[in-house]
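My questions will all concern the structure given below.
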Amino acid sequence: MLNVTVWNENRHEQKNPKVREVYPEGIHGAIASFLKEEAFQVKTATLDEHEHGLSDEVLNGTDVLIWWGHMAHEDVRDEIVEKVKQRVLDGMGLIVLHSGHFSKIFKTLMGTSCDLKWREADEKERIWIVDPSHPIVEGLGEYIELEKEEMYGEHFDIPAPDQLVTVSWFEGGEVFRSGCTYTRGHGKIFYFRPGHETYPTYFHKDVQRIIMNAVKWAKPAERKKMVYGNALALEEIKGSH
Amino acid sequence: MLNVTVWNENRHEQKNPKVREVYPEGIHGAIASFLKEEAFQVKTATLDEHEHGLSDEVLNGTDVLIWWGHMAHEDVRDEIVEKVKQRVLDGMGLIVLHSGHFSKIFKTLMGTSCDLKWREADEKERIWIVDPSHPIVEGLGEYIELEKEEMYGEHFDIPAPDQLVTVSWFEGGEVFRSGCTYTRGHGKIFYFRPGHETYPTYFHKDVQRIIMNAVKWAKPAERKKMVYGNALALEEIKGSH
Amino acid sequence: MLNVTVWNENRHEQKNPKVREVYPEGIHGAIASFLKEEAFQVKTATLDEHEHGLSDEVLNGTDVLIWWGHMAHEDVRDEIVEKVKQRVLDGMGLIVLHSGHFSKIFKTLMGTSCDLKWREADEKERIWIVDPSHPIVEGLGEYIELEKEEMYGEHFDIPAPDQLVTVSWFEGGEVFRSGCTYTRGHGKIFYFRPGHETYPTYFHKDVQRIIMNAVKWAKPAERKKMVYGNALALEEIKGSH
Amino acid sequence: MLNVTVWNENRHEQKNPKVREVYPEGIHGAIASFLKEEAFQVKTATLDEHEHGLSDEVLNGTDVLIWWGHMAHEDVRDEIVEKVKQRVLDGMGLIVLHSGHFSKIFKTLMGTSCDLKWREADEKERIWIVDPSHPIVEGLGEYIELEKEEMYGEHFDIPAPDQLVTVSWFEGGEVFRSGCTYTRGHGKIFYFRPGHETYPTYFHKDVQRIIMNAVKWAKPAERKKMVYGNALALEEIKGSH
């Protein structure tokens, strides 16, 4: 059974009654809730817990980590980010949601600024599927329509995705590469755009489906560790020829 | 100096006065005209010429071939398509425009149906640049806006592009991967979406700039031919160790 | 349960006693045998059967098709190739083995010559894993060593793979991109190099593991069909805004 | 005219007479020398200069930066690395050579460990060209043979390259993705493997050709800056519709 940890900054929920109304159990609670129905083993962790809720024990027991953050990226301690990065390179899956594009963990894995355009205007978004063969969009139609969302627009300063799965259309005239996969080390990474804190996006069945699919896709492959460093001497190799 | 051949079906121009009005010298004439200003050596060729204007002599003297077709894809003879394909695999660049997505040459090089959604509705298109480092979009701003164009929408049934350079937004709610590069054999291929025959798209300075950049990008690399087939015997190789 | 059809040309087995000795039940029999242990539903089909064993009924009931061919590529009828291609574009997985690189079905899906270098010299091959996160190499070590194989060497005239999973080293001095994934339409394709008919390669546990993993990876995603062609009129869309 | 800065750690040359013998003017001197013949404007910079020779003035005047480092990666100051990274994201080309795979600048742009296998054994390397259409390998044959080099072997822990240009074969049984391109922000990056300090690799004409080609390929595209952050309000956009 897959072990999923849903990490949420959980600050908007404390400060903004509107967000609390949309997500009474927090964004992490909403995400954990539908993941549990899929028979994953689900934990949550938040910024203000000890070690941000991401102790070695939690991280080592996590197959796939989901990350939502926005207003407090700078409060995430560098040594925790470093540990999460190591776990990803060792094989833990990572799903970065929405404003997590600016999180330390995403930026350090991408190597770019991860900057973008944005606008808060209750705007319609259509998430078009451009790679229908991808397991992350299994079971979906041609697009997902969200009546109101924050706009994110190109240029999105990311490395070219290994696989571009969805592209979003916005009412105001922008497009956005909204579903992108990457591999870093042994770890699989999926960035998925939607989920502004004031909209009930994570209650949308198709959004949930994509996140559930992504968890399955991102699970670590079972394998021996690669061997790095000084290799066998050529003589030994030649001897074994 | 680069030798460019602009191939056009040239049928709409004969049958539709509206198209003739927009492109009095044909779509090929309009494209050839701005390419000449860039100091390329430019020829044109059309469907109803002998061998569709693509004799061995013409093809062998062409560094980059530009292709516009729409209503008469089936009239292009298979043996000419096969010769064009061979030239691409041998290194000739190929720029496929707009409705050329359904041409025999593009489909045989892609291996997919190349199907898509379309709508003729005088719709606004914004061509967003998603890879600003690419030489094909050198000198441009963030996007190109075309007041009226035909809509092409996803899913566009193509192989994942080697490089996705632009993504188009349409007023009606669709997105489209509108600038895509591929390599097939030694040949570089660029598909570029805009250019419906009833709009003056190929007079737009930024559209012209992209096509000019693409010609430079697609030019053949000078190199020896690769060697295929039965390789040197291992003994010969071991002897030379 | 996944339905797998193993297609084999099955000519070497008839003509060459050495091959018959290595594969008494044919290459298709050997592959079907280990796939059955993995609880797949496995059929075989061969060139000399009616419709090459690939009737509509068989193809429509196949989730993943495995293809081995070599000396008789030209005997495969074009209309069967076309039907297989359609099924791949509609979602059927395709695993092309070894000399299948020159099969009509692989060449038409790739759009290139698929040519390469080769040498028959009882040569050592090491298949190095370059993407350890990929599900196709789950459970394996750093490389697979085959004591004796035919050499295939670069340049391999294929489109750049969507994912490069393995690279082979050969004793005589060549390298080869030996494990390559592609998507065409809704179908997932995996090319895997080893398997010359005179060596017992398909009895090697790690080779079997890769083929079994590839079958799981290539299985069709369940989804609605994409809609192509004339889209809703803009007025209808605007009305629904 | 292109402005190229060749950065070298320049420590082996000080400490190891053997290296000094091979590269009497330093590795940077050898590289600068053949680049000058190509009519580039060439500067050199080394670790022990003020600001490692990479002042704002130097960096801002550099179109393409070449990087060789090995034993003193940790001595490169983080704030200089950060400035180089910003310049790459803003469009400066970066060519990372050999042991530069472990440099701070490469690791921070890649997001992975960049680890690999190595062996010093006077081993033969063959650098096979797998993308013959790429401008970086223009003018070359099928492979480059280096009689003696250090071995680097897979698994090389890098993100999947945007373009894989060359793959190396080593006598001892390893392969290596030895020529890899990436884009980060507006900057083009090329990693090229050969160049151990005790071998005269940078005097090899074909190695020089690849580095010269790479400089041209990596030159910044002229363009306006992308705009990030809060976009125009939807009302303004709607007003302009």
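In this document, chain identifiers A, B, C and D correspond to the written order of the chains, with residue numbering beginning at 1 in each.
To be clear about the criterion, contacts are C-beta pairs under 8 Å (C-beta built on N, C-alpha and C of every residue); 3 or more make two chains touch, one makes a residue touch a chain.
Just so we're clear, the structure is a prediction, and the values are computed from it rather than from any experiment.
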Contact-richer chain pair (by C-beta pairs counted) among A-D and A-B: A-D
Chain located farthest away, centre of chain C as origin (C-alpha): D
Distance from chain D to chain A - Cα centre to Cα centre, in angstrom: 31
Centre-to-centre distance between chain B and chain A (centres being mean Cα positions), rounded to whole Å: 36
Residue list for chain A, restricted to those that touch at least two other chains: 131-132, 142, 153, 155, 160, 162-163, 173-174, 183, 185, 226-227
Chain C contact footprint on chain A (complex, rising order): 91, 124, 131-135, 137-142, 162-163, 183, 185-188, 221-224, 226-227, 241
Chain D contact footprint on chain C (complex, rising order): 126, 128-132, 142, 153-156, 160, 163-164, 167-170, 173-175, 177
Chain D residues touching chain A - in the complex, by the definition given at the top: 89, 108-113, 115-119, 121, 123, 151, 153, 155, 157, 159-160, 162, 171-174, 182-185, 226-234, 237-238
